[in-house]
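Once you scroll down, you'll see the structures, which are given as structure tokens.
Here subunit A shows up in two complexes: once beside subunit B, once beside subunit C.
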Partner chain A sequence: MPPISAWETRVPERLASGLRGIGHRVVDGIWRLGYASRFFLLTLLRSTTAFRRFGLTVREIYFTGVLSLIIIIVSGLFVGMVLGLQGYETLQKYGSSEAVGTLVALSLTRELGPVVAALLFASRAGSAMTAEIGLMKATEQISAMEMMAVDPIARVIGPRFWGGVISMPLLAAMFSAVGVFGGYLITVVVIGVDAGAFWSQMQSAVDFRQDIMNGVIKSVVFGIAVTAIALFEGYDAPPTAEGVSGATTRTVVTSSLAILGLDFVLTAFMFTGI
Partner chain B sequence: MENLVEIKDVNFSYDVRPVLKRINMTVPRGKLVSIMGLSGCGKTTLLRLIGGALRPTSGEVRVAGTLMNDLDQDGLYEMRRKMGMLFQFGALFTDLSVFDNVAFQMREHTDLPEDMIHDLVMMKLNAVGLRGAQHMMPSELSGGMARRVALARVLALDPMLIMYDEPFTGLDPISMGVISELIRQLNVALGATSIIVTHDVQETLKIVDYVYFMSDGAVVTAGTPDEIRSSTAPFVHQFVWGEMDGPLPFHYPGSTYAADLGLGDARA
Partner chain C sequence: MQRTILDLWVGIFVVAGIIALLVLALKVGNASATFNVGDTYQVFAEFDNIGGLKVRAPVKSAGVVVGRVDSIQFETQRYVARVGMKIDQRYKFPRDTSVSILTSGLLGEQYIGLEAGGDSAMLKDGDVAKITQSAVVLEKLIGQFLYNKAAEGGTK
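Showing the complex of A and B:
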């Protein structure tokens, strides 16, 4: 029987260490999930300040919503124009180029409006929220507020949360509207599709409850997810430069994945009758 | 004299690492008391225990007779309305102007009309000499000015207890002199009680009534500034006079110098 090497004698030790590592990660993950859920619950329970002093929430709507308008409008215009071009190219092969308005409108209201606007919202407003809260924590502004007997969840987190939740569907609606206009510009003004056919087919194919309202519901859900993730990551960020930058990155990555995952689930329930 | 703060047999640990060991301390009403010691000796943790931001592992922390350990959030916030804390770098709200920073607590905790808040803020800013800076943003202030605005904010609701966490850190000598003088004057003018956590020895000994010296999580000595200055305790002497070597050695423990230079059995 060959002698047992030094490496082989350490196998059980390495195995145990690896298992311990996995265990730590799982426990940390569960702990963090619990902490995030508690944070979210507290934010909802202490939201009275956000509505009682609605000026605080309006201020956040300005920072998260109004200041995101430029990127939303420009992106919506380009997405709409691309949809118009691609849709026209495909539909004209089947002699249905007038249906391009329907394609543009349905794509935007059902999917692209809520999803792309939410992705842009996460990277523009979500990351800003995380960085702001993280820096407030790092510079002891949150601790100072607590020492002044002012609840930071009610005063800082609540208005930002509701500001984000209110802004998101408005931004998605703006994205879809500008996108439809972009599609109109390309297909009707540039290519020459009949304007009457473009608008009338769109009007008859797009259902207010099934398409527009479901799109609005999606954008509200995305708004809740993105804002909650951004605020939690900021609040939980280690109070260092590295901690804040890591939290900002996590906000964008986690929010984007959450948006895409939630979109699949919501689409399955809303449009396929699951 | 009645004690405003009483700390009895307090122990505190982060997880299993002990930070404070059997601390006993009193702060008489109206006095200015300093807690001194090296960085990491537990001074700021003690301040946080007094403010209720942390709870002791065992022992009692009482402020104005109220046991801070047992308070729920409402009780804690009720007590904190009577306290003020000046943070190391001021912790001003960067999205609010100097005026709004000082007015913050008045707007949050009182129903005072805006014109009265204006007058009160002007009085507080005048006390720290920064009435003229009311429209400036925190990013436009120097370190010393930011600390003075933070001091005005602390005074907003005339607290009975003011805690200062390293108020002199990073200040030039003039700003340091201004802040220490303000701390002394305002304590007398407001009839407040103050606790200063610091390791700026000479500046602090000029203004305080009593000093607690901490090392490694325990109170090692206490006395009036004169007693501290004349102390023969080796650690206190080294700390007060800033000596390079003493009970706290200049060289961090390790292998011998000769061994690190590869000189075999040569002595360090």
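Showing the complex of A and C:
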């Protein structure tokens, strides 16, 4: 029997440390999830300030909504134009190029409007929110507020949350409307599809409750998800330059994944069994 | 930034968002047609086979949409499909109106076609239309055609 090497004697130890690593990660993840849920609940419970002092919320609507307008409108226009162009290319092979209006409107109101607007919102407004709150924490402004008996969740987090939740559906609606206009511009004005057929086929296919309202519901859900994630990441960020940059990255990645995952779940509930 | 300018921008933003929603509802969608369905009456019809008919499918007469399919149920007593239709109060149909399930185009969606009869009494809310024609099932049609062909071949 060969002598037991030093490496072999340490096998159980290594195994244990590996298991400890897995356990640590799981416990950490669950702890963080619980912390995030408590944070979200606390935000909701203490949001009376956001409505009593509505000026604070209006300020946040300006920063998250109004300043995101340019990117939303420009991307909406281009997404609509591309949809029109691609849809026309395919549909004209089957001699039904008028149906391009239906294609553009349904894709935008059901899916692309809420999803792409939310993705842009996450990277444009969500990241800014995280960085701002992370820096407030790093420069001890939040601790200073607590010192002055001002609740930072009511004063800083609540208005930002409601500002984001109010802005998101409006941005998504604008994205869809501008997108439909972009599709109209390309297919009717440039290519020359009949305008009457374009609008009438669209109107007969798009249902107000089934398509437009479900799109609005989706965008509200995405707004809640994105702002909640962004605010939590900012509030939870380690108060260093590295910590804030990491938190900003995590905001964009997590909220993008959350948007796509939630979109699948919502679509499965809304548009099956019609 | 000054408070008034900020308020102005947010006001513009919110109004633009609401206008976008209204444009979607009225220009893109059919909300204008959905909203004034307040005055309708319900008529039922029973079919042996409804094919691919769905709830909210249009009810047309002479090609004009006069109502929507409201409910589709399976009648366990006689094993037929019972289709409820909501028809606009403005349009009255005689009691002997024939109700058939038709298809728009070769592969289009299925809808209900109403063809008015000559009865002087009109259909009221909750009435059941007697004369119905089921959906055409393509497989049955082909089967029948093949059977007829085979029968022809036998006599020759």
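One rule holds for everything that comes next: the second predicted complex is superposed on the first by the 268 of 274 C-alpha atoms of A that agree within 3 Å, B and C clash if a C-alpha of one lies under 4 Å from a C-alpha of the other, contacts with A are read in each partner's own complex, and residues count from 1 in each chain.
We take it that a residue touches a chain if its C-beta (ideal position, glycine included) is under 8 Å from a C-beta of that chain, and two chains touch if they have at least 3 such contacts.
The structure displayed is predicted, hence computed values, not measured ones.
Enquirer: Tell me the contact category for A:171 with respect to subunit B and subunit C: first, second, both or neither.
Expert: A:171 contacts subunit C only, not subunit B.
Enquirer: So, does A:155 touch the first partner subunit B, the second partner subunit C, both, or neither?
Expert: first
Enquirer: Please work out whether A:143 is in contact with subunit B alone, subunit C alone, both, or neither, and reply first, second, both or neither.
Expert: first
Enquirer: With both complexes overlaid on chain A, does A:204 touch subunit B (first), subunit C (second), both or neither?
Expert: In the superposed model, A:204 contacts subunit C only, not subunit B.
Enquirer: Could you let me know whether more residues of subunit A are touched by subunit B or by subunit C?
Expert: C
Enquirer: For A:180, is the partner it touches subunit B (first), subunit C (second), both, or none of the two (neither)?
Expert: second
Enquirer: By the touch definition at the top of the document, which applies to A:124: first (subunit B), second (subunit C), both, or neither?
Expert: Neither partner.
Enquirer: Hey, which residues of subunit A end up touching subunit C in the complex?
Expert: Touch residues, subunit A against subunit C: 55, 58-59, 61-62, 65-66, 69, 105, 109, 166-167, 169-171, 173-174, 176-178, 180, 199, 202-204, 206-209, 211-212, 216, 274.
Enquirer: Could you list, by residue number, the parts of subunit B that touch subunit A in their complex?
Expert: 51, 53, 73, 76-78, 80-81, 83-85, 87-89, 91-94, 104-105, 108-109
Enquirer: Applying the document's contact rule, which stretches of subunit A touch subunit B when the two form their complex?
Expert: 135-136, 139-141, 143-151, 155
Enquirer: Over in the complex, which subunit C residues touch subunit A? Could you list them?
Expert: So the residues of subunit C in touch with subunit A come to 1, 3, 6-7, 9-10, 12-14, 16-21, 23-25, 27-31, 33-34, 54, 56.
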